[in-house]
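Submitted below is the structure of interest, expressed as structure tokens.
To keep things simple, chains are lettered A, B, C and D as they appear, and every chain counts its residues starting from 1.
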Amino acid sequence: MRVLYFAWVRERVGKAEESIEPPAGVVTVGDLMSWLAARDEQSAYAFENANVIRAAIDHRHVRPDAPIKGASEIAFFPPMTGG
Amino acid sequence: MRVLYFAWVRERVGKAEESIEPPAGVVTVGDLMSWLAARDEQSAYAFENANVIRAAIDHRHVRPDAPIKGASEIAFFPPMTGG
Amino acid sequence: MTVTIRLQRETIDAASVAATMIRGDDGIGAVVTFTGICRSDENGQPIAALTLEHYPGMVEAEIARHVEEACQRWPILNVTIIHRYGRIMPGEVIVLVATASSHREAAFAAASFLMDYLKTRAPFWKQVESAEGTAWVDAKATDDAAAERWSASRPRQRAK
Amino acid sequence: MTVTIRLQRETIDAASVAATMIRGDDGIGAVVTFTGICRSDENGQPIAALTLEHYPGMVEAEIARHVEEACQRWPILNVTIIHRYGRIMPGEVIVLVATASSHREAAFAAASFLMDYLKTRAPFWKQVESAEGTAWVDAKATDDAAAERWSASRPRQRAK
């Protein structure tokens, strides 16, 4: 599963993307954020306010309770500021 | 007092403008329409549905009960269809 | 702030207006441009051309009053209104309204407001030319309703 | 109907878009164009430039979904959306949304709807450069509220 990071989430995690294989207990997007945050200090910092971070699965916005099963690309980013 | 006509009001009256001196009893815009309509067949036709005709005094929209006293230019026209 | 109001017989160069809208103010973050275009049909009938009659003098005064009102309602930084009169062919621009502001809400609202008022208050009259001859276009009740919606939110005028 | 969605690093030529909006459909009577411009200040601080990061692939998909929704809500005849990414200087156009319809109400509503959604749903992130360094721009609650108003009038989505 590919994970992408954007804007300050990318800066804090310290990379733009990575490949991960979360364990079976990681079911939802929220679970995945907790699992990523527990890996290292940089990710912990990136996800410290998990409630402001948005997620997308395969190019569609999803809520934290969305299941990650079957996803090929998951992205994490701050609220959008385009336009 | 100058009177101007536009669009189909102008076509029906048969002229674009004229100078008039209505008698003292003609107080409001509505009175003026009735007075004009009583003059000849063309004006009668132009003002036959007086309730759809709009008026302006010195470049400002007015209602039929507006007094004409002091006006230098009064215009009559159909509802606007610009834009 | 620059307010440009122009009545003209010549075609409108919408492209050149866009560039002028952000001049002179670094705080402009949003420009909304409306162009009204002569369709090739009116009520389902093909038309050859439109002719717009106007009331010189009153048109300018009426538009200026509505621009002033728009500027009181919203923080507008620039306004351009260009309206043609005379004969207009299908596909040509009849009217252009452009508003500039710091933020998009004001620019959208002011452009929409100005268009609704141009349709119902500015002294212009459209005549269509078709195979059946010429005919004056009837005013639309929907246009009156559109203009009316701005009244609800402004202080009521004193009854005369 | 033509839908044009373009993400580009290059400057946006707003003037040339206007001309293309009425092509191919004689029924177009109204074109609304919105341009979002890089202001020279952000929250009162002068800025040197903006840098826009985006999520390639998702941006296009997200914009296309909202164009589709706009077309279901209003009788739109043409839509053009151009959004820049990369470094943008004050005074330059960041985004352009243009909508064409037979009548003005649909063109205004669709352009406003698309802008509200671009602001809150399209995956772009702005970073400002100023004398104090670089900083990510915070999302505005007012933008969320603006996007939210379109939800009230559409069928509620099923709870998951």
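Please note the rule applied: contacts are C-beta pairs under 8 Å (C-beta built on N, C-alpha and C of every residue); 3 or more make two chains touch, one makes a residue touch a chain.
Nothing here was measured: the structure is a model prediction, and the numbers come from that model.
Contact with both chain B and chain C is made by no chain of the assembly.
By the touching criterion, once chain C is set aside and every other chain stays in place, the chains split into these groups: A, D | B. Comparing mean CA positions across the assembly, the chain most remote from chain C is A.
Note: centroid distance chain A to chain D, computed from Cα atoms, is 26 Å. Per-chain CA centroids place chain B at a distance of 48 Å from chain D. Annotation: 72 Å between the Cα-based centres of chain A and chain B. Along chain D, residues 36, 115 each make contact with two or more other chains. Multi-chain contact residues, meaning those touching two or more other chains, do not occur anywhere in chain B. In this structure, the chains touch in the following pairs: A-D, B-C, C-D.
On chain C, the positions that touch chain D within their shared complex are 14-16, 18-19, 22, 26-41, 90-91, 102, 104-105, 107-108, 111-112, 115, 146. Residues 36, 52-55, 57-58, 61-62, 83, 94-95, 115, 118-127, 136-140, 143, 160 of chain D are the ones that touch chain A when the two sit in their complex. Within the complex formed with chain D, the chain A residues making contact are 4, 6-8, 56, 59-61, 63, 65-66, 75, 77-83.
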